[in-house]
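In the two assemblies presented below, subunit A is common to both, partnered first by subunit B and then by subunit C.
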Partner chain A sequence: MAVTEQHPPCALCVATQKVLAAVLPVLAVVGVIVAIWYAAALGMNRGWTLDVAERQGVELTRGEIWRDAMVQERPRLPAPHQVAQELWTTTYGEDFFRERRGEMRANPRSLFFHAYQTLAPTILGFVIGTLAGMILAVAIVHNRAMDMSVMPWAIASQTIPILAIAPIVIVVLNAIGLVGLVPKSLISAYLSFFPVVVGMVKGLRAPAVMDMDLLRTYSASRIETFWKLRLPASVPFLFTSLKVAIAAALVGTIVAEMPTGARFGLGARLLTGSYYGQTIQIWSALFMAAICAAMLVGLIGFIERMTLRRMGLDR
Partner chain B sequence: MSTTRQPLHNWVWPGVVFVVIAVILVMDWRLASIAAVWLIAWMINTILARNETTGASILVPVIFGLTLLTLWELAVRLFEVSPVILPAPTEIAVAFGANTSTLWADFVQTIIRGALVGYVIGCGAAFVTALAIDRSSFLERGLLPVGNFIAVLPIVGTAPIFVMWFGFGPSSKIAVVVAMVFFPMLINAVQGLKASEAMQRDLMHTYAANYWQSLIKLRLPTALPFLFNGLKICTTLALIGAIVAEFFGSPTVGMGFRIKIEVGRLAMDMVWAEITVAAIAGSGFYGLIALLERELTFWHPSQRRG
Partner chain C sequence: MTVISAKSLDLTFQTNDGPVQALSDVSLDINKGEFVSFIGPSGCGKTTFLRVIAALEQPTGGSVTVNGMTPDEARRARAYGYVFQAAGLYPWRTIEKNIKLPLEIMGFSRAEQQERVNNVLQLVDLEGFGKKFPWQLSGGMQQRASIARALAFDADILLMDEPFGALDEIVRDKLNEELLKLWARTDKTICFVTHSIPEAVYLSTKIVVMSPRPGRISDVIESNLPRDRPLDIRDTPEFLALAHRVREGLREGHAYDE
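Moving on to the complex of A and B:
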């Protein structure tokens, strides 16, 4: 046969190749980071090991020093496996509820419980902030006076490091009787409303002049234009901002928990860890926060893909 | 249609204002006076906003801001809010004027020696890393997803760790700021370095331009809008990092330290004075970068005027 039959490349091989090409470099970088981490843990913890050995008058071989640097109770930098172990024992090793004084209560030893304490205000704040941001954006797009007076201040409000004074806001709100979920979520809402306003305003103004003109020739009212053209056009912009907003909301809650004497929550874990020098606890709280952030952003990303596919906007 | 609508506007607004104020007046005269100030200011703004002049575009936000301050003052005075909860703007101004030397010392400690140094180091390091990532596609495929992931993490949480490592002085604040600004800046810089179009790069290629020439003459200028975007985001992050880090330990000077101490003493006017300093510093810092952006990227569509 003169013409060789060209096999289409098998779909599975192509898929595997694609996944490998995407995953290998990431794995390599993560591997390097873990290696650097171990090296840093060794470098930062061996001083303590040598101190103890000197005080006891013991000579240590290099291997013993290395081993000790990895298993200290309060290392300057815990090794990755120590953090992983702490994460495991405080999540799956602890019950979410335990019996205390005859009734079932949430177990403050469980990291899931602390994560829940942080996630609840985060999500409430995110919802409040998103709704406020959307309403503000609609008003800004439809009212020139709103646009001219609110927009500059919305931008200025974000150049103020509000996050740094979040604890004070919490103290003040506590003083007027607001405790628990609400003060924390107000901080989250304040942080998450701005990305939503900016993204939504951009999105509502995204329709081309041609599209707007078409609706005018249909003699569509402003409300009809809003529902049929502006709102659908703003959805991709909205989702991009929502991902930023939910990450910001989480940061807001954690910082709000920090120096206010909050007893539960990831921020409180960080603070008590730093008071008592429990470095492993600090790092495991940090990783829990990271996992939460990744999950929240991933969730929004998933909803984004689903919605855009339904709307036929995905690429 | 607009011709029939226009005369309506002339009396509808004052009418609505009058009715609303009258209704609230029946309930509470204090609320009514606050509502009156708000609605009258809003009416002035609505009328001013019809002008297209630059004067109006400055005046309208200024009036809006002044209105908010007046409302704050009125609310605190009329409802006799305890200064322990919320001091009035005038009280804050008095505290600000009386403690300028303390505020200045805190500003130098936190902003100049902490945030600014960390900002320069962090953004510089991120830019150099972006150049390295740009040259190697393996690094790009490996580091970028990791960087994207880390950029959304609550990095402020590393503050207690850095304070533990680097002590109470400015170096721990610098470390926190560097950690906070690095990844947002990195992502923007990498994106910016890819912003030039294939056609433009091909043109540089036909000129036999080497890597550095095309970097300086083409790719850096096209990257500038992205770089400035990152730089602007990082201004606020830097201030946040420096102040939050001070909550975990600091020498007896600094904005975070002062806020923590004065809250303990219930001297809320001083706390708000410190917040005012933070607000001015933050807006000024951001404004400076925005001004620089306008000077350097005057060619970009987003900067065009008129």
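Moving on to the complex of A and C:
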């Protein structure tokens, strides 16, 4: 009787297959998006190409129309490769510092510089918002009056359009001499404290009755209950909130840059782009903002995994 | 020597559906070194009675003393350790750190904490598992760890609220056997709430049969079984007679009426 011998699959093949299984769906989605994007760019930009051709009295072939729609200087919708190119030339193509009037100064042509101008207040605002949110949550959980009074205000605060409040805050703070980093970060703190409050309150209240009873049988104080039970129980909830909060903080900073005539930052980049019809600049700033947000959320996710693993909560 | 003494205890809960009488005229004395089981159907107040002893509930009438003190004072004097239905180990603490939890709160020195952890881990046969997280242990091992936690600060009284209720019968038998050995070694007074007649008869020196609506004691049965009990004692006529009497007590208390 013939026995068919089974070879174990080679390790490299398995690894390659795993990577492909993870990457292929993502690539497929990206491919579809890029295809739709190109099609949309063609549809939106060809009108301008035809206008110009008509004014110059030139007949264009279909291929020439397509080619021109992809390389306009101020297209309605820049093509993906135009945005990619702009991203490349304004980041690696520009020095972060350049010499100006004999001094080394930050180079406002560098998109890294603008990203930094946005990231610094984002992170400061995120820290302020997180601390404020945590303190509020602790107060809400431990004090009934705070519970009844603060939560409605916190919710109400988020119903006010940030776009309406940002200029007011900036102007008021300017009047008392605060400019630059702090006003921007306060706006982003304003947006980021809320998810932290909500998540942290939920987390601090997560312990079951039995977990609380256990500490009562030890005659534990409220402070001990907080440190030994409520706080550790809230950590997973806190991290979920922090991911939302850091994205909100970035949005807050960008919004704070837009209506106030800020000269630097991704928001300023968006605004000047729209003033001068520099759609490519707008889109590259948008992508830089998205990249920053993804990196920040990824960073929080990484810290989350490390922390939960240390706490034995990550299986 | 009487360690727990309840005199005409009443407890009425105010609920949204009106008052519910959880305990009615409950009087009971528990002596030092006894193993007392509370058995009865749901709603008979057995858990509530345990919680009153532990000062987790306040009675609305009557009195209860633990070691001659009020339950509140007894708790502060570390008179008892409480074992809940679920192991209730904190998932972010290792087994060792879970057992240290009461010791930290009660202010034991680090060296003594470690020494006590080692002792009780040995007592419940969990040596070598101190550094594991709760989820790495089986349900039975988790419940053993929770018993270790209740033993760690050396209380004289162990209050156990259906500690093995969620475990399968094989594990439960083994833990019952171990619990008896532990009780023999430590000379503690144990109050044990259960749903299971064989468990109650196998473990106890005294079986308190309770019935619901309102929660009251319908029979107190002193066990004549020897203290040293192998598992197959459950097939002896004495055991079956006791089990029969418990069942009769439950029936008389209209515990089966629904």
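In the analysis below, the second predicted complex is superposed on the first by the 290 of 315 C-alpha atoms of A that agree within 3 Å, B and C clash if a C-alpha of one lies under 4 Å from a C-alpha of the other, contacts with A are read in each partner's own complex, and residues count from 1 in each chain.
Throughout what follows, a contact is a pair of C-beta atoms (placed from the backbone, for glycine too) under 8 Å apart; a residue touches a chain by one contact, two chains touch by 3 or more.
In this text, all values refer to a predicted model and were calculated from it rather than measured experimentally.
Number of subunit A residues touched is higher for B, counting subunit B against subunit C. By the document's definition of touching, of the two partners only subunit B reaches A:Ala22; subunit C does not.
When the shared chain is aligned, subunit B comes close enough to touch A:Ala290, but subunit C does not. Within the superposed three-chain model, A:Asp213 lies in touch with subunit C and out of touch with subunit B [touch as defined at top]. After overlaying the two complexes on the shared chain, residue contacts for A:Val255 are found with subunit B alone; subunit C is out of touch.
Residue ranges on subunit B touching subunit A, taken from their complex, read 42, 45-46, 48-50, 56-57, 60-61, 63-65, 68, 84-86, 138-143, 145-146, 149, 152-154, 156-158, 160-161, 163-165, 235-236, 239-240, 242-244, 247-248, 255-256, 259-260, 263, 268, 271, 275, 278-279, 282-283, 285-287.
By the touch criterion given at the top, residues 54, 56, 75-76, 80-82, 84-86, 88, 90-94, 101-102, 104-106, 133-135 of subunit C touch subunit A in their complex.
Those residues of subunit A lying in contact with subunit C across their complex are 208, 210-211, 213-220, 224, 228-229, 232-233, 235, 311-313, 315.
Interface residues of subunit A facing subunit B in the complex, by the touch rule stated above, are 21-22, 24-30, 33, 44, 76, 144-145, 147-153, 156, 158-161, 163-165, 167-168, 171-172, 175-176, 243, 247, 250-251, 254-255, 258-259, 266-267, 270-271, 273-274, 277, 279, 282-283, 285-286, 289-290, 293-294, 297.
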